[in-house]
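Each of the next two complexes has chain A plus one other chain: chain B in the first, chain C in the second.
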Partner chain A sequence: MENIETKLREEAQRLLLEKKADVIIGYEKGTLPLTATPCFITRPEEAEKLIWNNLCTQNLAKFVHDLITAHKNSQKRVKPEDRKKKVIGVVARGCTTRSIIIHLQERQYDRGEVYIIGVPCDGYVESKKLRTAAGGADIIEGDMEGGQIKVKTAEGEKTVALKEVLSDSCRTCRYNNPIISDVMVGSPAPAMNPEAEYDQVKEFEAKSIEERWAYFTKEMAKCIRCNACRQACPSCYCPTCFAEQSMPQWVGIGEDATDTQVFQFMRLYHMVGRCVDCGSCVAVCPMGVDLRNFLKKIDKDCWEMFGNRAGSSMEDMPPLGKFSENDKEDFIYNP
Partner chain B sequence: MAENLANKEWEPKFVAIVCNWCTYAGADLAGISRIQYPTNVRIIRVPCTGRINPFYIVKALQSGADGVLVSG
Partner chain C sequence: MVARRKFATLKSFLNYIGVEGDRTIFTWVSASEGDRWAQVIKGATEKIKALGPASKMVKTVA
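The block that comes next holds the complex of A and B.
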């Protein structure tokens, strides 16, 4: 990992010096122990801040979209001939590149506006899992070495295996190496366990309709509608989200449980063929709502019905945005 | 839902979101021809079924409908 970090810093420095990118989005050391936080680098000497390890959680494609949109908005009042192009460099793992592919397919920006520094990924640590594994108290100090994490809390020290605290999305990740990249740093990471991808969903599908509904209501009852999942999601980029629309008001702003269900239900619905299973929404959720189970179910349906995995190739069209003669029609039947 | 299904006298309420040009015209023709249809369906006419937002269906269910029929 150290090796990748050094190469990553060199690459970032080179890009900024050669003016190939105006800003580089990467990860830096977080302010709390055992965390990493997204950072934006505009000067070559700042490249030393960049890190790459198992603590880098967030999907950075979200920031790529945010920065490009903000830049385009700022250029609206500039004469067309004076408009400047901004290139965003991004440190991207498999799921980040998938999100970028989705943005490109949805014509959010051009391929030339983003410079992808691909990094191999062997999973990230889910902070909620780590906390539970460490005994539930606040982590005061931490150190990660060779697949083991040493954690110090107020209650004492503990050593946790990295594998045990990896995010659920990463354990069964199919695309842990970048799908598209302008430059690749480090050698490709070994495959995870994609065969077990839908195990959890299959188990859930096997339950009765009452049990499934009870699980949905139970999970949604935890939600406080802080919208962190939406803010973290690279596929949620609408200028005005339906949750904030007031004419008509789709989602009430009170504490009605059904409003929460409607919000989550519609957000899930909007993820058809667009969720890359990066796990950012789960990672940022303060209440520990099991969003992944439902998102994965949608992903499975999309794969079985349209043979499409979100953002897995540049040539694919979004499944809900294309019509093919071979589309399944078994929902039409003679009763 | 489960307790409703156990109740033999319970009748579900449906919201039917229908197209002006086909299903609504059909329902209209049924009315003119004096054909009876169940009263537990509430019809909402839209200019075209393409105008239906998935939200309509979710909101209808949230507001207490037991089922939504989209036709057109």
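The block that comes next holds the complex of A and C.
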């Protein structure tokens, strides 16, 4: 990864010097051991901060949307002839580029407003898994090398295999290399194991309806409605979320179990053709709610019914925005 | 057009989380099809009656 990091920094520096990008969104070392955190770089000399390793978790497309929206809003009161264009540079792995494609398909911004620095990805560490593997206590120190992670907690030291603590999304990822990019650093990463991507969903489908309902309610009962999943998701960008609308109020904001189920159901369902399985929502959830089991079903349906995988091609249209003669009709009621 | 794909996925997803898929009834009726309209409503009511009152994702207001 060292090599990629050097190239990444050079590239970021060049972009800022040549004014090809006004800001670069990437990852820097986190404040806690074995973490990385998103960072925003505007001066060439700051490029040294950038890192790229298996600890880089969050899908940065979220911030691309945020920054562009904020910039556009700030330009609203400026005379049209004085408006400035801003280009956002972003360090993007496969899933990040898929999210950007979704934004472009949904006409959130133009291709020219984002400069994509593509990086190959071989998966990221799910911090909750790492913590469990390390024994459950706070990690005080850590080091990652050659597929092994050394962790130190108050209870002692332990070595964990990187493979063991990779996010579920990464293990079965189909698009771990960028789909679109303006420049690529590093050579493509080897394929993960996409054949197994729906195994968990298939297993769940085979359960009885009452078992499925029991699992859904059990998982949703853990949710504290902190909205971190929504905030982390690049596809959740509505200026006012349905969960906060008051006229009409679609869903209550209290601790009622049904409200939580409805909130979750609606957010999950809004991901048809829009969830790229980046796992950011799962990674930020403080309660460990199993969101992926449900998101993957939506992805599977979308693939099986419409032959679409979210954000996998620039040429495609959002699946809910079109239809085909071959669409199944068995769900239509005919007395 | 959009509704078509939306309802196909909605029905499937509801069923997946454990809410009877049969509760989601979707069809098209034209304004000129009075007879069919009556049939659809009758059929849908019967289906729902047979399933009984919904118990899932129902909020009880104190």
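Throughout what follows, the second predicted complex is superposed on the first by the 331 of 335 C-alpha atoms of A that agree within 3 Å, B and C clash if a C-alpha of one lies under 4 Å from a C-alpha of the other, contacts with A are read in each partner's own complex, and residues count from 1 in each chain.
Just so we're on the same page, contacts are C-beta pairs under 8 Å (C-beta built on N, C-alpha and C of every residue); 3 or more make two chains touch, one makes a residue touch a chain.
Bear in mind that the values here come from a model prediction, so they are computed numbers and not experimental data.
Of the two partner chains placed by superposition, only chain B is touched by A:F242; chain C is not. Of the two partner chains placed around the shared chain by superposition, neither chain B nor chain C is touched by A:P190.
After overlaying the two complexes on the shared chain, residue contacts for A:T258 are found with chain B and with chain C alike. By the touch criterion stated above, A:M266 is placed in contact with chain B alone, chain C being left untouched. Once the two complexes are overlaid on the shared chain, A:W250 sits against chain B while remaining clear of chain C. When the two structures are aligned on the shared chain, A:E210 is found in touch with chain B and with chain C. Legend: residue contacts after superposition of the two complexes on their common chain; A:I332 is shown touching chain C, with no touch to chain B. In the superposed three-chain model, the partner touching more residues of chain A is C, compared with the other of chain B and chain C. Overlap of the chain B and chain C contact sets on chain A: residues 210, 213, 258-259, 261-262, 265, 269. Considering their complex, residues 1-2, 54-55, 58-59, 62 of chain B touch chain A.
The residues of chain A lying in touch with chain C in their complex are 204-205, 209-217, 252, 256, 258-259, 261-262, 265, 268-269, 272, 294, 297-298, 301-302, 305-306, 319-323, 327-328, 331-335. Residue ranges on chain C touching chain A, taken from their complex, read 1-2, 4-13, 15-20, 24-28, 36, 39-40, 42-44, 56-60.
Taken together, the chain A residues at the contact with chain B in this complex read 210, 213, 242, 250, 258-259, 261-262, 265-266, 269.
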